[in-house]
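Look at the two complexes coming up: chain A is in both, with chain B in one and chain C in the other.
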Partner chain A sequence: MAFYVVQFLTGLASAASLFLVASGLSIIFGVTRIVNFAHGAFYMLGAYIAFTLTERLEGALGFWGGIVAAALVVAVVGVLVEMMLLRRIYHSPELFQLLATFGLTLMVQDIVVLIWGPSDLVGRRAPGFKGAVDFFGQNIPSYDLFLIVLGPVVLGILWLLFQRTRWGVLVRAATQDRDMVAALGVNQKWLFTSVFAVGVFLAALGGALQIPRDAVHHAMDLRIIVDVFVVVVIGGLGSITGAFVAAVLVSELNAFGILIFPKISIILVFLVMAVVLIVRPWGLFGKPEAPARRTPGLTVNPWRPWTSNERLAAIAALIVAAALPLFGGNYALTVGSEIAIFVIFAVSLHFLMSVGGLASFGHAAYFGLGAYGVAFLAKLAGLPMIVCLALGPLLGLVGAAVFGFFAVQLSGVYFAMLTLAFAQIVWSIAFQWVAVTGGDNGILGVWPEKWAASPSHFYWLSLGIAALAVLILRIIVFSPFGFALRATRDSPLRSEAVGINGKRIQWTAFVIAGTVAGLAGALFAYLKGSVFPDNMGISLSVDALVMVLLGGVETVSGAVVGAIVYKALNIWLVSQTDWSKLVLGAFIVLIVVAFPKGIVGTLQSILSRRRKSSSSNSSLLTSRIETAE
Partner chain B sequence: MSMVPTLLSVEGLTKSYGGVHAVRGVSFELRAGEILALIGPNGAGKSTCFDMLNGQNIPDSGRITILGEDTAGKKPRAIWRLGVGRTFQITATFPTMTVRENVQVALVSHRHQLFNVWSSTPNFAREEAGRLLDLVGMGAYAERPCGELAYGDLKRLELAVALANQPKLLLMDEPTAGMAPRERIELMRLTASIAREQSIGVLFTEHDMDVVFEHADRILVLNRGSLIAEGSPEEVRGNAQVRAIYLGEGLVYDARHRDGAHA
Partner chain C sequence: MRNYLIGAGLAVLVAGMANTAIAQSEIKIGEINSYSLLPAFTEPYRKGWQLAVEEINASGGINGKKLVVISKDDNGKPADAQTAANELVSSENVAMLAGTFLSNIGLAVSDFANQKKVFFLAAEPLTDAITWSKGNRYTFRLRPSNYMQAAMLVEAAAKLPAKRWATIAPNYEYGQSAVAVFKKLMSEKRPDIVWVDEQWPPQGKIDAGPVVQAVAAANPEAILNVTFGADLVKLVREGNTRGLFKDRAVVSFLTGEPEYLDPLKDETPEGWIVTGYPWYDIKTPEHEAFLKAYQAKFKDYPRLGSIVGYQTIKAAAAILTKANSTDPEKLIAATEGLSVPSPFGEITFRKIDHQSTLGAYVGKTALKDGKGVMVESSYKKGSDYLPADAEIEKLRPKD
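Entry: the complex of A and B
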């Protein structure tokens, strides 16, 4: 019995940090409507800076002062980020905000390694809380007891801050209706900045307080951010009480999950989250959100099928690509195959995101399922390659059908978070179910058969399948189904009123996108000769998002260009610099701020502007006449 | 009168929120070719009533029969499939498509081709979409991006979309809200002429009394959730209770309107 009580108390202690970070994220979201992916990065920075300060400063005052000072330093960094970056993207679609803050996360990951080095750092014990308390023969670290008390204390302070101060009233008002608060003459800019500072302070404090418990390392940002997403989704975005209750719930699920289901401890939490989202999509303490801003919507240029000239250009480009084996070496061909595979992956996400308006943050799950599908069929069943390529992606289809059914019940940031969570479930199954998937060691020896084994043959195979995938998805975009999907994205109200079952249309689109992603994964397994859990990891999902964004969210086939440019750049960067994440992160931030339309989108708008300027005089006149009427 | 079929019949429709009776025991009928206005002051229950008819709200009790089917609690898309077209108070269209494509989407749905992934939509029922646009006077704008249209044109496009499933019944929630006075009259004239020609029944809510008294065959007056008057424009205008509810507004309007009419 005492053992379970101790386990419970350990859970409560872990909840403290989680609550601090989650409440910060929640407060920021409530007012600015930005889901700050970089929150984990601020948490990590808090831990690193606190480590340095507590090492340098002497005594108890030095330790506790160092913790608070670290949180304050990071809060100042947060203010700078808010003023220089976030102020530019408050009115951008949610997807761009998530991506920009993810870019920041990547940058911070490399920056901490640059400053503090790659190895784990073990911090000082907290003065006054170095020992353990005996509880019926079980030991509880006294620092854990301190954290257990700290959680409710911070909740109380935040409550007082929001209920009893003028600033708190403004924040609560802005959470309910920020336009109204602006209309009442409140300086929005500084309200947003101060809220961001408080949120970041909480995250950094959460990180700083972790150092007596856990080593500081450069991967702690992604680990906490996934947990924090789960907490705010369960508790309800924007609710601090919700963040507290959910932080306790998640920490306890983790603490006891390991005892009850050691193999699937990660899954337990995500299952609870999925159930909460389906029963109460806005979380336990949250309120239903107003409809999300549309993901595309920077322009209103209707899409049109290719003209015959454009079709010829596409065929010419394909012929040039097919000629690569004539002048490229084996390395170039392998890179070419990888790029072709990522073109397939990117267009599948583009279909879901641009046509369907559903920005999935976990698309790699279906890529990875396709890869594992092939690995199972090839290694366990020993089927021929052609059969594996045809059937492997079906695992992606099944996964997309199951998860998609739940995911399309939601939209906007909740959709993004749920897809991310599902991808993490799939990843953790691949990681933890060692008997079947080989866990971290993956499945090796998935090599193509002789007819496809040479680099040039495999390149042609990948290129051919990529061309086919792009063509088929283009046909679907301009088919009645594609229009129904766009209609659902453009106006759920109107599409329902013309008899369209939007959820079913979106679900079908999700399954199509998941299957095509599975096809890309199937090819990828043969290219690499192996599959690993990382084939379904977060970073791969984000790679796909960046490719789509880089090509242009509002274009029909921009993802093709986005995938080619991004993948080539990525492969080149990794070979050239040790700080590829820093460059890549800065690159992502730059695109979001400077070229939100992507490469193809920017080219198109330049072209259409040129076309319009030739006939601008007459059209200007007619539009004036129209307004006069 | 019995020869004309009943399109819509509502019996004892009731909805309350907590202790507030938004709609209390409302009953009425609508026949083919008839234009029926639902009016009442703010908070009278018009919108709640309307939302229950078009499937966006579920009644606590009461019966809604549209074209012989009980539709209480049915989804909007199911009601549309019965042959009910609708327009919204704030237009709902597909801004990233052209004007013609907006109508084509409705035609795709009407012909049960929503899961067709192979044909080309730009060529789908092109002529029929063109005909519908001509009918509402939008033929010349067919290839324009919908997002560029002026508000009055959006309203007309919405009417064309609403007519795409050859509806027997049109539900229009404040069809002229947000429009200039002259546009209002034009849009309602257009609606009325199409409705009479194709003998479509029209139910609309409206704040603009000019529009109501000029175009409605019959008027229903709601107040505090209950129907307090029903009849021809003349009957409703003469109703003392209606005058009392609309207080000065109705009377002043009334006098002005008559003066204007005789001038």
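Entry: the complex of A and C
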């Protein structure tokens, strides 16, 4: 019996650590709607700075002072980031801030290694909490007890802050209705900055408090960021109590789950999230979001098919690309193939995100399913390459059909997180089912047949399929189905009123996107000759998001440019420098500032502004007709 | 305009010829590793091979040609490693590939090497598959495999009186196969042993408190640990506080390597049976020469990664010198059965499975001046801990 009590308390201690970080994220998201990917980076910075301070400062005061000082220092960094970077892009398309914080995260990962060196650092134990307390023959670390108390205390302080202060009232009002708060004359800028500072402070404090029980190292951020997001979503966005309950739920399920299934930890949080979101689409304590009042940004510049000039330009670009084998070597061609494959992958997500308004955080699942589909068909069934390429993506289709059915019942970030949960479940199956998938050692020897083996042939094959994929998706965008999908995106209520079955339309779009992603994965398997669980991992899903955002969400085919720029730059930097993450991150941050609507999006709005000003002399009417075409 | 063009063309031509002239006087090795993902291991590794390159070129290079190592990062992803391998082979025209740390990356590059018919010397990956079940004729491996390290530990572990064993291992291929081999060899030697609990925390994400508590609840007499890096730190700290390691024997993979032992500082648990690298205690002339050169160049002590990096390039140079060619078939012929000196003594690349006989040190952990060290260590030759040839022939696919 004593064992179960101690295991429960141990779970509570883990929950408290998780909650500290999650509460900060929840506050930031609730008010600013920023998906703060850099939250883990702030957590890690908090740990590193606290390590330095607690090593330098003597005694108990030095330790606890160092912890709090570290959190404050990082909070200041957070304020600078918010003022210098995020403020510029609050009016960018949804999720664009994710791109900025992703860039920051990449930079911080390299910066901590530059400053603190590559080795793992182990800080000192907390003065006064070094030992353990005996509980009927079981030992509980006293630091765990400290954390167990600290969690509810922080929850209480936050509750008072939000319920009993004017600042808290404003923040809660902003959580419910930002525009109304602004209309009432509250200075949103400083409200956002202060909220961001509080959130970052909590993240850094959470990191700093890990010093007595963890090692400080450069991958801490990735280890926690996804779990924290999951906890926030399970609890319900913006609900701090929800985050607390979710942290306890997840930690206790883990503490007791490993007694029965020792391998459960790897997937547990995602299973819990999937179940919770299917049963309660807005998390445990979340409230349904009011139907969004969309700013009419999209309707000002309606999409239109290519004009004949643009069509010629696209064909010319394709011809230039097809001429690469005339002057490029084998390496250039293989990189070209990889980029073409990622163009397919990115446009499939772009279709879902920009046309369907459904941002998926787990799109790599369908890419990976396509790749595994090919590997199974080629290695187990021994089918020829053409057949594999045609049938492999069907695994992506099946996966998208099953998961899409559940996912499209939700919207916004809940939709995104449910797709992430499904992707992680698929990933863990590939990772754990060693007998079939080979586990993390993957499936080797999936090489193309002779006719496609030479780099130039494979390049033409990839390029051709990429061109076809872009073309077909464009045709779908401007088909009646595409219009229905966009109607559902822009106004769910009105489209329902005119008889559009929104859920079914979105589901179909999900399946289309998943199948095209599967096609990209199938080609990728042949390009690399092998398939690994990596091919459906979170980092690949994030890469796809970055490509789409980089190109511009509010465009028809911006992802093509986003994929080319990101992938080419990534490959080139990794090959040229040891600090590729630092340079790539800085580059992304620069792009975010210079092109606040994505590369293609910003270029387009500059062009259309020019077009308008030049034609305003003739007649306003014609210009309107032009843009409305 | 036309004159300019001709001039430019000539310039390119001359530059090209100069390039080939340089190319003829140097030999390139393409090296790939997870520099950005695992800097704790790969930074000392890089220093190791840099030292080797310097020594080789100072003593006349490869049959008079200068040795050049072109190094690429793989981001910790198999797919990126293949992109890098492709660049090295297609654009840089390297004579051979070398390196890699993670098992799945090692396998991906070895499959690439097999497909493109390129010689590959795997440095670090521990998986048994790379030389056995997924072995191929183009791939050789330097470091003692999972099986070999398990066999070395089993030799010491079987002498323990403990009968009730529990295991803690990261939940991926390395942890799974380490536990599987250890259990198999251990149960062969000691049929009286019972395995009372196993814990599989996700790699890099151990929730150490509940894991320690769960293992303690099973009340084992001895524990096998396979976690390393930050997971090990968390496990040791929780285990120390909760008294998990008190009066229990612990056998642990890799923990004696400075990369993993040094961060533990004064929390180093005492008396664990570990594999590792006690650089301060190895008094052979080969190692002392290496140690002196390394400390003189870098003002730092070597880690195990330094040895692996150093020896990888030393072995590669010996192979290239003996083959006196960059033809992969000749390189394979030169490597099979080749013996080369190393800081740990002479090692041989076996013909049967392309595994080198580089061994490892087995000893016990101890605390000295607030730092973790390995004591009572002895070198275990790799050749003594490999299964019989007949068994390997069954494991390894025919070329």
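The definition used in the following text is that the second predicted complex is superposed on the first by the 563 of 629 C-alpha atoms of A that agree within 3 Å, B and C clash if a C-alpha of one lies under 4 Å from a C-alpha of the other, contacts with A are read in each partner's own complex, and residues count from 1 in each chain.
We adopt the following convention: a residue touches a chain if its C-beta (ideal position, glycine included) is under 8 Å from a C-beta of that chain, and two chains touch if they have at least 3 such contacts.
Just so you know, these numbers come straight off a predicted model, no measurement behind them.
Upon superposition of the two complexes on chain A, no clash is found between chain B and chain C, which fit side by side. By the touch criterion stated above, A:W159 is placed in contact with neither chain B nor chain C.
Geometry note, superposition on chain A: angle between chain B and chain C about the Cα centre of chain A is 160 degrees, to the nearest 10. In the superposition on chain A, A:V498 contacts chain B only, with no contact to chain C. In the superposition on chain A, contact of A:T10 is made with chain C only, not with chain B. By the touch criterion stated above, A:W572 is placed in contact with neither chain B nor chain C. More residues of chain A are touched by C (comparison of chain B with chain C).
After overlaying the two complexes on the shared chain, residue contacts for A:W451 are found with neither chain B nor chain C.
Of all C-alpha pairs spanning chain B and chain C in the superposed arrangement, the closest lie 35 Å apart.
Within chain A, no residue touches chain B in one complex and chain C in the other. Within the complex formed with chain A, the chain C residues making contact are 35-37, 39-40, 42-43, 72-75, 77-80, 82-84, 86-87, 90-91, 103-104, 107-108, 111-112, 114-115, 127, 129, 134, 171-173, 176, 197-202, 204-205, 207-211, 213-214, 216-217, 229-230, 233-234, 237-238, 241-243, 259, 262-265, 267. On chain B, the positions that touch chain A within their shared complex are 54, 75-77, 80-81, 86, 88, 92-98, 101, 104-106, 108-110, 113-122, 124, 145-148, 150, 161, 164-165.
Interface residues of chain A facing chain C in the complex, by the touch rule stated above, are 3, 6-7, 10-11, 13-14, 109-110, 113, 118-122, 130-132, 138-141, 143-144, 212-215, 217-220, 223, 227, 251, 254-255, 258-259, 262-263, 265-266, 329-331, 334-335, 338, 431-432, 434, 439-442, 444-445, 447, 455, 524, 528-530, 532, 534-535, 539, 571, 574-575, 578, 580-581. Within the complex, the chain A residues that touch chain B are 296-297, 300-305, 475-476, 478-484, 486-487, 490-491, 493-501, 505, 508, 626-627.
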